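Heads up, the next two complexes both have subunit A, just with different partners, subunit B and then subunit C.
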Partner chain A sequence: MKELLKVHGVKKYFKVKGNNLLKAVDDVSFSVNKAQIFGLVGESGCGKSTLARLILRLMEPTGGEIFFDNIDVINAQGKALSEIRRSLQIVFQDPLAALNPRRSVIDAVGEALLINKIARKKELKDRVVYLLQRVGLDADALYKYPHEFSGGQRQRICIARALSVNPKLIVADEPLSALDVSIQAQILNLLEELQRSSNLAYIFITHNLHVIEHFSDVVAVMYLGKIVEMSGTEELFQKPFHPYTEALLSAMPEPEIDKKSRRIILEGDVPSPVYIPAGCPFHPRCHKRFEPCDTIVPAYREAEKDRWVSCHLWS
Partner chain B sequence: MHQTLLSVENLNISFNHVSDKPLKIVDDISFTISQEDVVGLVGESGCGKTLTALSIMKLLPSNAICSGKVLFKGENLLALEDRKLRNIRGQEMSMIFQEPMTSLNPVFTVGYQIAEVLMTHKNMNKKTALEETIRLLRDVKIPAPELRAKEYPHQMSGGMRQRIMIAMAIACSPSLLIADEPTTALDVTIQAQILELLGSLKEKNKMSILLITHDLGIVAEWVHRVKVMYAGRIVEEADVREIFTNPRHPYTIGLFESLPGKKGEALTPIPGQVPKMNELPAGCKFSPRCRYVIKECHEKEPALISINPPISPLLKVMTRRGGEGGFKHLSRCIRAMEI
Partner chain C sequence: MNLFWQRFKRNRLAVTGGIMVLALFFAGALAPVVSPFNPNDIDRKHILEPPGISHPLGTDDLGRDVLSRMLYGSRISLSVGFIAVGIATVIGVIIGAVSGYYGRWTDRIIMRVIDIMLSIPTFFLILAVIAFVGPSIWNIMIIIGLTSWMGVARLVRAEFLSLKEREFVLAAKALGASNMRIIFKHIMINSMAPVFVSAVLGVASAILVESALSFLGLGVQPPTPSWGNILTLGKDNIEIAWWLSVFPGLAILITVLVYNLVGEGLRDALDPRLWGSKG
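Take a look at the complex of A and B:
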């Protein structure tokens, strides 16, 4: 399969009070293939959204390299940059915040079509109607404003807007979290269908492991700015390697009666990313920690084929 | 058989609407909670579950019009004067909310906020109240409670703040705890911590819990008796095992089918969207989204009726996980037995 996105050693540090460094993303590497669904999981504050913004170049990284379709994302200028802006799109968590309340659907969805010269002014309406149909909305939505829609419909508008410029990769940052359960399934089905019909790749960011299990081909688990485990979805859910992944999986409540597996309750909270613990960043909360964990940082290595993990248990 | 602790009878909540007659948000809800029972109210946003909970505490906004009865230990709370009500609130029943940051006062230390409950309800002096606060903080597993008591809400993490809320809620060992989406704002690993904590406190204090949630995973693990709400009505009600193994309302079935399973398994979402409360359809409120819909569904709203099959008393005992009404299975669907 052809590699579409390559992220290598990417870092993003923020200077915070007292000349400390907040390491939001620290030395992250992975790649996404064409038409692949790459799931990114982790708890709030682990750096998943920062990583998404770095990939989209909405932020400049402190270090590392990002290549998208052989374009150097970080140093892209002019034509190459507009190519990236076109083929990399994002869908955010809260569609109401992502849409301008004073712009109608045809303006919101059509703007990028005009800017990128994909459609001319007189064919704009037909084009937007086509896009709306693809996301399951009627043509009478054209001249309505965001407040006239429900949450699920607004998310459909955001998806139509992302699709309008024929992207190759869509970053979906918690696209379901603001929606009700019955609507989540609608949007998930829509994303799945679009992926198949347009050969899209997704980076799907979520904290909902059920969704990841259902949806993604590959999963990366982030903790305090680092990927601690990356593997094929099925393998990861069958047998997690990293103790953090194991705890995450065991913590998710199963909507099934009589399915009570042993729950691993982690101690304490996620530490502040300004004061990352020495050694393995996860060791203070780890139920399997042993001698080297509090002093030596475990290497991120391929423990088995296509299964990457950073844990002393696997080195 | 445990005694009935709370019984809500024909609860209606409406609001004055701009145009014409009052807009009914909660429509004729009745249920009971027995001692040490965990009752779950399940439903999507806007279905009226939070308003139901607020009405039990009599915390509804002042423009709400509320009728019916909320009997707590035999006394109708809706008719009770405020002074008497204050003795019940916080002491005999208390509530925790979804977002702990908005429920805590940002300008007082958390220790003071917990101690205040004890000073008000238990007439403790400041010194004993603070000592008791430390003990409560230890109960909710806050590390270094003596130091933490002197901190302000903003110095704590979300999970920690929710623990503070819980400490405050259980300060007077209430017999009923109303938990409105208590873990929705928290991460999964923290959610697991908080749920475990609530479970152990429930055992220890012999509390009943009214749990409001949209997470069917939490329902499966936690709740004894489930009430599924849609558009301000209870549409199905049964013991948790019965709901999960034998759902008998199209909406409940739809909720289960909307849950993502293994890779490749197709999802069957519920089509359409939750109707606005001022644009409810005639007849069954779920009919426009229902795939089992027939002509009769549009004509008359079905009543919430018992659909129990005849069953041997022995099996009744075996399948019951507790709770008033035990085995009763109710559904608001005229085709409940066919689907």
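Take a look at the complex of A and C:
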């Protein structure tokens, strides 16, 4: 399988009050193959969205490297940058915030076609109608404004806009979280269908573990700016290696009433990313901690084939 | 837009103000048609006549009809108001947009320049500059414009600072939109509401500055009529001809008041924080 995106040692630190550093993303490495669905899970504030913005170069990282199709994303300029803009797209969580309230659908979806000279003014309307049909909307939508649609329809418009440049990878930053449950399934089916028909790769950011289990090929679990575990979806859900992943999975609601599940309750809250605990960042909440955990940072290593974890239990 | 109208209509004062603004506008535009006399016609037989049937607002010390002079004077006031505010708004929007969008040191330098500009008493600056370049209606418009853009710039900067982090702007950036495109097509159109309000309020203060300058003899020069220089005549004859002070004074008061009422009505109608409430 061909490697599409390679993220290596990426960091993003923000300076906050009192000259402290907020380590939003800290030394993250992974890669996404062509047409692969890469799931990214983690609690709120663990750096998922920052990572998404870094990959799309909507933010400059503090350190590390990102390569897309052998283009250096972080230093891309001119032609290389516009190549990245065309190949990498994003779908945001709240579709209302992601659409300009004063621009109609044809402007929103057609904008990138004009900027990147994919369509001329004359053919614009036909191209936009085609894109709308691909996401299940009618041509009536063309001259309407975002506030005239429902949440699900707005998210479809956002997806059409992302598709307009024929991307190879779409970063979906919690695309379902702002939608009703019944609509979530529709949008998920749409994303799946588009993936099959256009050979798209996704980075799918969510905290809905059921969606990840059903949808993605590979899962990475983030905690306080770091990936603590990454592996194939099936393996991860069958046997999580990291205690944090274990706790997350145990919190999944079970559809079967009689099935007994042992719920692991984590102690305390997520620490502030400004004051990350010494040693393993997870140790204050970990139910399996032992001596080295509070002093030595565990290495991120391949514990089994294609199963990466950073935990002293596996080193 | 519909919602905006509904909210604006509910504010009776603002609607009244809006009608008055339109009336003043038409009075000025139609001055040559509706004026009973030529504003510069001297009539030595009817000097300082009190308001009556032939001269509804009386005559001045040269026998000129005050109503006609005030109608022509409203043209001066309104054009100074609009053009000065136009200049200030264009400058303010551009500077505010650059400051808010590019941030960092650009923003810091521009904000310090604005602080310096705000620390200078504007009216005295205008007086000094007028004394230097000479009073004329164009000089007044330009100088008022050049000294009143700071408020707009701050407003636009604040809008840009918050809008540039919004997801639709990020999405446009991810689609390859240029900075210019993002500034004009995405951020600018979403930040125009407060600018519009401040422009309407700005018209009132520009009219006030122009009247003050004309009153001091540094504005529009006689014989061209302006509310300010009619007031000057009123001051000279205050003991014998009250109408020369009262009517232009009232005109200035009412104009400034109605522009403020409209401006405040627009502000309330455009404020999205108030949209949810029925009030």
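Quick note on the criterion: the second predicted complex is superposed on the first by the 315 of 315 C-alpha atoms of A that agree within 3 Å, B and C clash if a C-alpha of one lies under 4 Å from a C-alpha of the other, contacts with A are read in each partner's own complex, and residues count from 1 in each chain.
Convention: a residue touches a chain if its C-beta (ideal position, glycine included) is under 8 Å from a C-beta of that chain, and two chains touch if they have at least 3 such contacts.
Computed from a prediction, not measured in an experiment: that's the story for all the values here.
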Superposition on subunit A - do subunit B and subunit C clash or fit: fit
Where the C-alpha centre of subunit A sits as vertex, the angle toward subunit B and subunit C in the overlay (nearest 10 degrees): 80
First, second, both or neither for A:E254, with subunit B first and subunit C second: first
Contacts of A:S150 with subunit B and subunit C, given as first, second, both or neither: first
Which of subunit B and subunit C A:Q133 touches, first, second, both or neither: neither
Partner chain(s) touched by A:S44 [first = subunit B, second = subunit C, both, neither]: first
First, second, both or neither for A:H210, with subunit B first and subunit C second: first
Touching partner for A:I183 - first (subunit B), second (subunit C), both, neither: first
Superposed model, subunit A: greater residue contact from subunit B or subunit C: B
Nearest-approach distance, in Å, of subunit C Cα atoms to those of subunit B in the combined model: 10
Subunit A positions touched by subunit B in one structure and by subunit C in the second: none
Contact footprint of subunit A on subunit B as seen in their complex: 44-45, 143, 157, 159-160, 187-193, 195-196, 214-221, 240-241, 244-245, 254-263, 265-271, 273-274
Subunit A to subunit B touching residues, read off their complex: 43-44, 150, 152-153, 180-186, 188-189, 207, 209-211, 213-216, 233-234, 247-248, 250-257, 259-260, 263, 265-266, 268-270
Complex interface listing, subunit A residues touching subunit C: 53, 56, 58, 81-82, 85-86, 88-90, 92, 94, 97-103, 111-112, 115-116, 158, 161, 164-165
In the complex, subunit C residues that touch subunit A: 166-168, 170-178, 181, 185-186, 189-190
